[in-house]
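Both complexes below contain chain A, partnered by chain B and then by chain C.
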Partner chain A sequence: MNDLIQCNQLTKNYSGEPILKGVSFSLKKGEHATIVGPSGCGKSTLLRCLAGLESIDSGDIMLNGKSVTKTKPEKRSIVLMFQDSLLFPHLSVLENITYGLKRKKVPKKERISEALDMIQKVKLSPWKDAYPHELSGGQKQRVSLARALVLKPDLLLLDEPFSSLDASLRESLRGEVKEILREENITSLFITHDRDEAIELADMLAVMNEGRLIQQGTPYDVVTYPSSTESARIIGEGLPLEKGFVPQHHITAIDPHNRVQNDQELVSIPGKVTALTVKNNSVCYRVSWEGGTILVPSEDKLEPGQDVVLKAAHVYPYDRNGREWSNTP
Partner chain B sequence: MRLNEIISGKRRKVIVLITLFVFMMLFILPLITIVVKSFASDWKWPILFPRELGLDGWEVIFSDPALVDSLITTLKLGIMVVLLNLIIAMPAARALAMYSFKGKFLIEAFLLSPILIPGILLAMGLQYTLIQFGLADRLSGVLLVHLIPTLPYSIRIMRAGYERLGKGLIEQAAVLGSGAVARFFTVSLPLLIPSIRSLMLLTFVISLGQYALTAIIGGGVVTTLPLLYYPYFSSSNEAVIAGFSLLFALLPLLFVGVAEIALRAVIRVVNRI
Partner chain C sequence: MIGETRFLKNKHKAWFYLTPAVIIVLFLVGYGMWSAVIQSMQTIGGKWTFEFYEELFRSDSFLRSLKFTFWITLISTILSLVIGLVLTRILYRLFQHSFVKGLVWIPILIPHFVAGYLVFLFLSQSGLLSSLLFQIGLINDRSMFPILVQDTRGVGIILTYVWKEVPFVILMLLPVYYEIDHRYSEVVRTLGGSKWDEFKTVEWPWLLPILLEVAIILIAFVSTAFEVPYLLGVTRPEMLPVHAFDWFYSGDWSNRPLAFAAMIIPGGVSLLLAGISFKLIQKHRLRLIKGRVR
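Here is the complex of A and B:
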């Protein structure tokens, strides 16, 4: 199957400062990819370049086999959904959603019917005549999504669209978005600095740091087998060590007294309990160690401030080969 | 503690009434006085109410053969000043609000400098240049010179408008398939209406009030309403002065009202679903 979008060695500088340093990746039709990385690593710039809002200094962006590197944003079939909903405040929900269809000269009857269908899909029918200031944050993002999806773009770019919402709304909305994207069979590229969000939304996951895509693969592979300490620190839930990575589920114990003496244990790392929390109905402890912090489930009763030893039986060596996302050069 | 918790209901009512009365006295009473005065032939202090009402003042105004011409010239000039201000100030303000570039500070200072230098000084200096270009004693020359006191304010107003608008909505429109012209008419223009309204009113009023600049550059050939109106100040007929003042006040309101209706009609057509 041919690639829908292919980016080759994209570079971008701002006042001499490199922001993108040779980013390459490709996506096939219907794929849902996520790029995760810390703030300031170049994720948003990459999306803006793909959408045509920023020019690139070198490299090539191919959409459906044709270069769109120099194409204006309005001529690309790529829609970017921003962090803020950016609804037009002087237009109603229906008018906002029909906005792009009107620019594409879709006949009036057709555009209203398509917009109403989409409004129904995002569960906003009672608010079709409301104005943006009358909507909640979650509703605004739904309208923004509907406005993008109704255009049936070749590629939908989502720039941390849920970051301004509260945790529970964010969680429910990302489930809905995932479902709608699959239903509509729209190829999407989502960027976030939230690890959980990245893993949940992706078919394919890439880790970005300092202007480079440092690892690409399926969410399971990337999370379980980070290709470097850098990648492990950004995405991996586990212990990024020099000799390799210990996935969280391989941490066999938090030992408060360092009692366990087992030959099979390759790793014993001292740490300190910093907090108690509940995740997926299990008691977990956040343990700080010299490489950062990690959340570890445990049935033991531990106190914040208590010294412990993290133990694991497996260390996976960092491996750059064999787990590439697609035909990355 | 909130203000309405401190002040009881009855007392609050009295304060509101007093405030309203003060506003009436400051803004509405002078207007009513001028309207009545334009119809009163002999109404002077300490007479509280006019003894006689009539159309003498208005007859003097409308019998002036230059009135219609000066009204047309004033309107023509005002409209052109507003349009030129919009054409120049909008892109300039957009660039100043949305882009950072080398020398931005110098350009800003240059664009705002006419406010700091007395207009009459600039006009005296410009007169020679305008004579050389054959623009003195002509409407086009007066139009150019009216940009001096108006443009700095226009750029300021539009810049604030563009800063409020921001880049986000325009970029959103672009990725939804909107070209530059459509983006302007469907997003920028409707959201800049409050700034455009302020610009139109202010530049029209400033242009309307230019006596010295119009007299120096227009050389008495270009007769605007102030050129016709100010000499009447030396007359003792206060009804005529009041009538002219009303005409003077109504012109910008009329212009802005018509312009607003036209603007809204354009925006409604463009933004129809």
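Here is the complex of A and C:
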């Protein structure tokens, strides 16, 4: 299958400061990619360049095999969904959703019917005549999504659209958005600094740091086999040790007084429980160790302040450069 | 709930701060207007009547004056709004520099009668511009310079008002431009909108209420101000305030109710326009304020 979008060596500078340093990636039709990276790493700039809101200094953006590098944003079939819903406050939900169709000169009857279909998909039918100030944060983002999707863009860019919502709403909306994107078969590129969000939404996950895509792959591969310490630190918690990296899902915390030393365990690091929390309906403990803190499960009942040992049976060793590690244990 | 309480508190506070101004307006301006209404509706014997209004609309000189006032007001207001809007749209980033802002503010500081006099000095047939054109040989005689002041079309009056009111329009529109969230323009563009769509969707909804308010202020002012048309106008046709002034000081006291009635009309129209526009834009304004992203 041909690539829908292909970015080759994109660079962008602001007042001499490099923001994008040769970013390259491609996406196929219907693929959902997520770029995860810390704040200020260039994620939003990349999306703005793809949308045409910023020019690039060098490189090429190809959409459906044609270069759109110099194409104006309104002429690209790419829609950007922002962090804030940015609904036009003087227009109703229906008017907001038909806005782009009207600009594309779709006949009134047709655009209303398409918008009503989309309103139904985002479960906002009772609010079609409401104005943005009458909607909740989640409903506003749904309208914003519908406004973008109704245009059936070749590529939908999502710039941390859930970041202003509370955790539970964010989680439920994430699932809904993923489902709608799949139903509509819209290719999407989502950026976030939230690791869980990135993993949940992605078919392809890319890790970005300091203007570069440092790793790309399936969410499983990227999380399990981070290609560098940089990538490991961004994508997930784990123990970056001298002899290699231990991903979070291989680590457990044990009470040293209750357990006998197991020879199978290659890693044994002292730590202290700082807090108890619940993750994915299981009790987890935040443990501080000499390299930082980490969230881990335990079969023992632990208390905050208690000394523990972090154990793991697998270490992913570094390669010869001492920076990269191989993808197999 | 907390927000609502704070809003109520702020509302009371606002009324508290506004009270001195409201009292002055009510007692001085309000009393003046009320007494003008009374005097335009009462005979010397104190009998209530509309006869002065009826007489006004039978008077050719009044109707001529009314038409001329309507023309001057309409053209001055539209030109001031359009020029002010275009200048603000193009230059609002430049206006952030205090020096540029200062240059624009200068006409605001000049009183209207001084502005009228300056226009007279510059644009009359014996004025500076005609002298300059004559000196450089573009005209052979000063009488070839077009009559721009004290003319029957009110060009001098319009020019004075436009020169004075454009900075006022800019002053009112600048905060709107500084407040507009320009990310909305990016939304418009990614949804396929043009530059014109950006203006129509992002700027115009915020500008509309202010432009309406400014228009009403300008209409009320231009249609009732005396000094500029008195300086730069002609005897026929003369603007309503000058006509009313003549009636008031004509020596014939029976004309005084006519003078009041003549001025009540533009005042009443301005009030009516203010009421209608307030009703029309209030809902729109609330939607904008409550629905914007903060």
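Operating definition for what follows: the second predicted complex is superposed on the first by the 306 of 329 C-alpha atoms of A that agree within 3 Å, B and C clash if a C-alpha of one lies under 4 Å from a C-alpha of the other, contacts with A are read in each partner's own complex, and residues count from 1 in each chain.
Criterion: contacts are C-beta pairs under 8 Å (C-beta built on N, C-alpha and C of every residue); 3 or more make two chains touch, one makes a residue touch a chain.
From a predicted model like this one, the values you see are computed outputs, not experimental measurements.
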| item | value |
| --- | --- |
| Simultaneous placement of chain C and chain B on chain A, clash or fit | clash |
| Chain B versus chain C as contact partner of A:249, first or second or both or neither | neither |
| Which superposed partner A:86 touches (first chain B, second chain C, both, neither) | both |
| First (chain B), second (chain C), both or neither touched by A:51 | both |
| Touched partner set for A:131, first chain B, second chain C, both or neither | second |
| Touched partner set for A:123, first chain B, second chain C, both or neither | neither |
| Touched partner set for A:182, first chain B, second chain C, both or neither | neither |
| Which of chain B and chain C A:112 touches, first, second, both or neither | first |
| First, second, both or neither for A:78, with chain B first and chain C second | both |
| Partner chain in contact with A:103 - chain B first, chain C second, else both or neither | both |
| Clash with chain B, by chain C stretch, listed 8-16, 134-142 or 188-196 | 188-196 |
| Chain C-contacting residues of chain A that also contact chain B | 51-53, 72-74, 78-80, 82, 84, 86, 88-90, 99-100, 103-104, 147-148, 151 |
| Chain A-touching residues of chain C, taken from the complex the two chains share | 181, 183-184, 186-194, 197, 201-202, 205, 284, 286-293 |
| Residues of chain A that touch chain C when the two form their complex | 51-53, 72-74, 78-80, 82, 84-90, 99-100, 103-104, 131-133, 147-148, 151 |
| For the chain B and chain A complex, residues of the former touching the latter | 168-169, 171-179, 182, 186-187, 190-191, 271, 273 |
| Touching residues on chain A, where the partner in the complex is chain B | 51-53, 72-74, 78-80, 82, 84, 86, 88-91, 94-95, 98-100, 102-104, 108, 111-112, 147-148, 151 |
